[in-house]
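These are the structures, in structure tokens.
Look at the two complexes coming up: chain A is in both, with chain B in one and chain C in the other.
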Partner chain A sequence: MSEIYNPNPVIFSTNKQSKSNIHSIWLQDDEGYGSDTYFDDIVEPIDQNEIFDLIRTIYDPEHPNTLEELNVVSAPQIKISGNHLHVEFTPTVPHCGMSTLIGLSIRVRLMRSLPDRFKVDIVVKPGSHQSELAVNKQLNDKERVAAALENPALVKTIEATLQQGVV
Partner chain B sequence: MQVDLPYELKLIATLSGHEDRAWHLAWNPTKPLLASCSGDRSVRLYSYSPSALDFRLAASIPTGHTKSVRAVAWAPSGKTLVTASFDANIGVWEREEDDEDGAGEWECLTLLEGHETECKSVAYSSTGTLLASCSRDKSVWVWEVQPDADFECLGVMMEHTQDVKCVAWHPTEELLASASYDDTIRFYIDDPSDDWYCAATIQAHESTVWSLAWSPDGRFLASASDDKTVKIWKRTGQFQFKEVLVLTGHERAVFSLAWGKGKGGARSLGWLASTGSDGIIFVRELQEAEDTVTERLLTKVHDAHGVHDINTVAWCPTTGLEDILGSAGDDGNCKIWRIEPTGV
Partner chain C sequence: MTSTTRSVQTWMATENEAELESLVSEVTEGKTTLVNIVKALGEYLTSEEDKIRTKGVELLSSVIARCPADKLTRQAVRVLLAFLCQKLEDTETIIPALKGLLSLARTSNCLPEDAPAIAKALFTHAKMNVLVQTVRHTVFSILDALVDRHRQTLKELNNEFLSGYLRMAEGEKDPRNLLVAFAIDRVLIIEFDIKDYIEAFFNVTFCYFPITFRPPPNDPYGITTDDLKAALRGCLTATPEFGRMAIPLFLEKLTAGSPATKRDTLSTMSACFPVYGSGLARSSARELWNHLKLEIFQPTDNITADMALSCTQELVKTIYAPGQEDQKEDDEIEGLAQDVCQECTKILREPEKSQARPAIKVLCAFMSTTPSVARYTISKVVPYLMQLFRAIEETGARVSTLLLLSDVIAAARDATDKDSTPALLPFKDEVFGVATTGLTSASMRAPGIACMLGLVSTQGLLTDEELGFVVHKATEVLSEAAQSDEDEADILKLLTTITGLTPHHVVEQTLPTLFSALPENPPASTDLVAHAKYRRTLEALKTLCQKAELFEVFMVRLTTRVELLCVPASADPDADPEARAAYAYAILKTISRTLAVKVEEKHVDVSKYIERHVPRVFNLFVYASVTLPGGLHSRLISAAAETVDLVCQTLSTERFQSFLEGTFRVFVDGDVSGDIAQGQFKIPAGWKGPFADGASDAQKSLIVLFAGSVVSAYKENTIPVTSLSAFLDQLLQWSLQDTTSHVQQIAAWKIVSSLVNKHTPEVLEFLNDKVAVFWPTRFEDVGLDADNHRRTIGCWVYLARALLVQNHSLTAPFVDRLFEVFPRADIGWDAAKALGRLVDPHAEDGAVLVKKHRAVTRILHVQKFVSTVLPRIIDGATAKEGGEAVQLSYLVGLTALIRAIPKALYASYMPTLIPLLLRGVDLPDDEIRANVIDTFLAAADGDTPEKSLISAHATSLVTKMLKYSRVVEMRNVRVRVAALKYLGVIPAIVRYDVVHPVKARVVKELVEALDDPKRAVRREAVEARTTWFKAAA
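So, the complex of A and B:
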């Protein structure tokens, strides 16, 4: 990165364990479903904490810290209503040029982890970013997201923020 | 259930095979042939008998585009197919005529380069002499279609301040409309003594304008937006448009519109289908009343592609098949529907 938008972010302590099952970040595991197709229609409710568990470990693109450690994401900023998921995040500084990338990383993690039925909206916390509307519009434009995910350089950067098990 | 609605959407066929989302589909205007395109970078062509509507795969074209194929369009002659890709290029395709059946391979005659980023929409003018394209690079291009797959760029209009999502030609005139991420619709014509230029702009919606559809008689334009509404604009002068109706009901972004003749009466302005991220397909009949337009909801189907977004709806242009609608969704499928009176 040529420019560091927030050279000295505040690091917050995190919960060692979340309230829900941390062993599986994949919500579509076989356990509990079995092969009986009659049960395919049964929708397991997914709660705020499970969503939070999926995104808390994403790394910030310009710091060796997770989004949870930087207080960029938190469980209360996640709203679930039926198949509609609304995720708000808080950029560390209002001029954060990495906001779109952070939002895209959150979207990719959720896209890969959640069942297809979820419609996901991702927005920055109101008032937390000087280009709030532009960032929100871009993060929720289907074509722009699809095109971004066909850009190898961008995908590489996103994959780096999504790496697992690095502490 | 939709017990109170006068029509229902009856599923005729589900065309699967794309390995990624189906972005768009286009009915051939002269032959029983349907083209679909996808994030898997391929185009699939389906042939059918107009009486039996028995769709079967006629060809699958890998295209060679290096990114998603976002849109397809047929020339009015039905002979040429164009593909718009996120790789910024436009492919021009025709079928080799190597036997009597014309059952040759589809070959890329030329690749139109010029856009700097994702090409999102392409459209032929009604006579087939002009082709328009648009891109995330904010530009709208008009190309002259010359013999032997030669295309000459007549104009590059850099009027929009953001991505251009859709281009749509007037059904009879050489008047082009474009819709954008900048929430506006713009109109372009050729100045006989100069170049193509933007003659009018409408601050149309509160968010991205995704799709445009002219009424079959060309007197109205419909626009669909991320603001969840569909608006009907009446053309009141050469470059003047007045909002006459706002259609609500969609729960998320509206991605696509199709305005066909339908099978309504003589007073009908035709049937308008709309769809989007909410997976709902609406079909409405529009009628002109004094200085305004009224809507009659014919049918509404939830989850038309299961839980998935629907990216495109398109009416079959063939006479007698005005009640046949195609849709393309994130499930990778294209579906063919018939709009039938309820209870038939």
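So, the complex of A and C:
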């Protein structure tokens, strides 16, 4: 990468979620599963948090930080209604040339991880990028996305950002 | 002709080992001398023919090498040395002559005055560039022996020796030779006067830096990269004179190198700085820092960054080493430390940015350099961060500032010795104030707690009063956290740290708050949130109350609460029994979990609860079983039994004996007059123990409590019954006939299992009867149905396991009985599954026969069992004669067994097992199916595409896994999850040419699993699909 668009981005601390069991009046036993939720027929629908879990660990192409740490993506920026999913992300700087790449990474991750019934819109946060329209267009045009994913170098970069754990 | 001459002549003709032996033994026995051998060799040594000369010297050297040291007299050594040195001139004899010289150079009769001659001869005649590696190795070894033994004499030669040696060492490339050469280099550099040869030595050592040697696979010489690196580093750090030339070279390698080179350079530099001295460090500080900075602020990876950091530390330590003549007053640090501090604090101006992290790391690293630098750094950074914190208004940046501060506090703590005054002391009040602000404001809590934690754990920093204040604030935060459902792990960690220093604040302030947060009456069973809330409080108590002082209060309060809940003072008609039981269960479980941690950490205060806690538990449960209709909930009994069991694990043999006697009186004799069931409840008549005729269901259930008190007895303890065999028989009969629940049976079997295990010799009669009479009778009895048989198999597992874990010879007949019923249609599968339970550490009986319960176990008992049983099962599963039904039983047995044992035990059978397991996957039983897939998963660990066991079956496995991953095909969540997990592993363990044909299909069909109704399944589906997407040649 020849040019670093934002050499010193802001790092946000990630939130820990408290996991309290409010499904039963009984204290959960030590043996993890075997709990009732494992075998019943209750449907757990795909929700905002599950989508967030899918994309929070994507790495920024420029930094050894995740999109969550850089506040590029967040749970409230994900809207889900029926089969329609709307994901908004915030580039760290308005001139960030990496925005399209970040958006593509999100798209690839969601393409691989969500059932076909979803229609996914990925957009930059309104007013957060100087070429907002161009980026949005590139990310939501089927043909353009497909064309981009024909480029082996680009695919390699995207795979790197999707790597779990280490950069 | 003497025998010596004869031997020499024969050897020259035949090169026969025997002749060599006889020559050596002649010399050893004094029948001849080495000089005689030389004489006998005479004509050969001067022969015109090259080959003959070589062989002649060869023979001589071989004899010298094998000769005992005392036969190498001074006289002989001198003559031989002169002779061999002369033979170096001849290119045909130089190789054997060097061998001879090496043997001689290592003897004690090779005196200092010989050394110069040998060295000169070597320098003159040994042309390193024409000699092969082994010969060069001999040369280096001779030089090494000389330098080692005759250093003084060689030092007198100094320049002549050094220049000679340098000529020989130049251009050496073989790692074996280099190891010797580096050792010699280091001695010469340190001990010889090398002022004229500094550059030459620099050249012959630094040219090898950095070492990039990689040992070939199966290297017979066993030289590692690290050996070479260490040897070379010994040379590079041998003299300060290298410094001036070395630094530019290091920096060049650091800039241009690969990560491995960078790391090697950084750690070599760290080792070199102290040797090269503070003068050089100071003059090149700027340049060094400019390079190190890059590695820290734009790191290639974390390890390199950390090494760059510690390299910087070494640099700073070297520059500011105490005792430097131009050292200024303590707090007037100049030069590098000052510059770097300024540079880093400048970066801290934007505390929320990513560069602030490495900057604070550098500053923290400075704290563990020299005391003066540490003081200086703290005096600059701490006030700066304070001022920053006050100046900025944006919360995000304040949070970041506090986080940075917490790093500084922790670094300051770790850098000061235990006894000296804390470095942070001058800034204590201010820092404490800022940390308090953080702690008490919701948005800055996490970093605030981190700061506080650092302050609290700094020895000698905070006063008792201040600690009290922290506890006060933390307790408030804790109650707040409970309200807003925040994560409370950090605040609890802070409080726990304080209890480690002084428990009284927490006892006085926090505990009352927490106890008052526990409701007196259980919340309604519909109010799930309220139930979750008290469980949080209990969880907090568990974390906090590990120390003896706190644990005591904890036990008193919680036991009382359980008593009040189980036996309410006034019978409330609206009371919700389930909610009440759930609340009491949560408390009892908290007690047992807290005890479990304490027992694990061997806290000494646990054992006293045999008097304080156990009698109260017995009293309460016995009372309730007699007075309350139905007694107490079975979960409560189990949880209480766990607490008793845990306390019992800490008793001495003597104490356990008296406890056992009391326990047997209560449960077997039904006598509650002793101390063992004392408490606040007066037990009315009617208690006769669980085994008595006409005992109620509630009373029978207390067998669980009895089991908890017995299973950890020592094998030396006497069981207070007249005949152990008879007692076991009764217990077994009772478990099969009189019990009213599975829980009661299990408890009885646990007791039987534990007693049989510890008293096997005493109960042989009982055991033999079981094999010979009990089992056949039960299975021939037409009046017993499958359920009865299942019960028999159930207790059988407990009996057999008691023997199996100690490798007892009776195990075999017990196991045979199980095999016998494999063909039975009604219970064949149950017997087969029992095989797995015998060795499964996670089976419900697994926890009984373990070390903490003082069971008698032998190592490798599982191995022994598997090695006899597994081949038998494999035979059974493939044998035709029994018919398919029997084969299937064996197959079930196989899946149960394999699932329970470590992979190493069945790895060698894998090729035979795989076709069987593939059949097992399709057995109509979800549990078996999930077990088989888990086995495939375990077997996949360590499998590689190069030698995969499942390659041939991959396609059919993929098809099966896809099928079982779909919710329409498979309702069981566990199977779906396992199938997807295994599917995700397959691309990594088979060659890509196997993966490729099915890839498109897998990727397409997995879409269905992505839409599974269960989140856990979807998560695995995502993983698996991503792996398949990425699978490529």
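The rule is short, and it goes like this: the second predicted complex is superposed on the first by the 137 of 167 C-alpha atoms of A that agree within 3 Å, B and C clash if a C-alpha of one lies under 4 Å from a C-alpha of the other, contacts with A are read in each partner's own complex, and residues count from 1 in each chain.
In this text, contacts are C-beta pairs under 8 Å (C-beta built on N, C-alpha and C of every residue); 3 or more make two chains touch, one makes a residue touch a chain.
The structure displayed is predicted, hence computed values, not measured ones.
**Student:** So in the superposed three-chain picture, is A:83 touching just chain B, just chain C, both, or none of them (first/second/both/neither)?
**Tutor:** The first partner, chain B, only.
**Student:** Have a look at where A:9 lands relative to chain B and chain C in the superposition and call it first, second, both or neither.
**Tutor:** second
**Student:** Using the touch definition from the top, say if A:117 reaches chain B (first), chain C (second), both or neither.
**Tutor:** Once the two structures are laid over each other on A, A:117 reaches both partners.
**Student:** Of the partners chain B and chain C, which touch A:143 in the superposed model: first, second, both, neither?
**Tutor:** First partner only, chain B.
**Student:** Contacts for A:46 in the overlay, against chain B (first) and chain C (second): which applies, first, second, both or neither?
**Tutor:** A:46: touches chain C, not chain B.
**Student:** Which partner, once the models are overlaid, touches more of chain A's residues, chain C or chain B?
**Tutor:** C
**Student:** Quick check for you: in the superposed arrangement, does A:63 touch first (chain B), second (chain C), both or neither?
**Tutor:** A:63 sits against chain C, while chain B stays out of touch.
**Student:** Identify the partner contact of A:159: answer first if only chain B is touched, second if only chain C is, both if each is, neither if none is.
**Tutor:** After superposing on A, A:159 lies in contact with chain C but is clear of chain B.
**Student:** Please write out, lowest number first, the residues of chain A touched by both chain B and chain C across the two complexes.
**Tutor:** Touching chain B and chain C on chain A: residues 115-117.
**Student:** What does chain A use to touch chain C in their complex?
**Tutor:** Where chain A meets chain C, its residues are 7-13, 16-18, 20-27, 33, 38-39, 41-44, 46, 50, 54, 63, 65, 112-117, 159, 162.
**Student:** Please output the residues of chain C touching chain A within their complex, sorted ascending.
**Tutor:** Against chain A, chain C makes touches at 350, 352-355, 357, 396, 399-400, 403, 446-447, 485-489, 525, 528-529, 531-532, 535-536, 578-579, 582, 585-586, 589, 635, 972-974, 1007-1008, 1010-1011, 1013-1016, 1018, 1022, 1025-1026, 1029-1030.
**Student:** Which residues of chain B touch chain A in their complex?
**Tutor:** Within the complex, chain B touches chain A at residues 21, 39, 67-68, 70, 86, 117-118, 120, 136, 163, 165, 181, 207-208, 226, 252-253, 255, 277, 306-309, 330.
**Student:** Can you check the complex and tell me which residues of chain A touch chain B?
**Tutor:** It is residues 83, 115-117, 119, 137, 141-144, 146-147, 150 of chain A that touch chain B.
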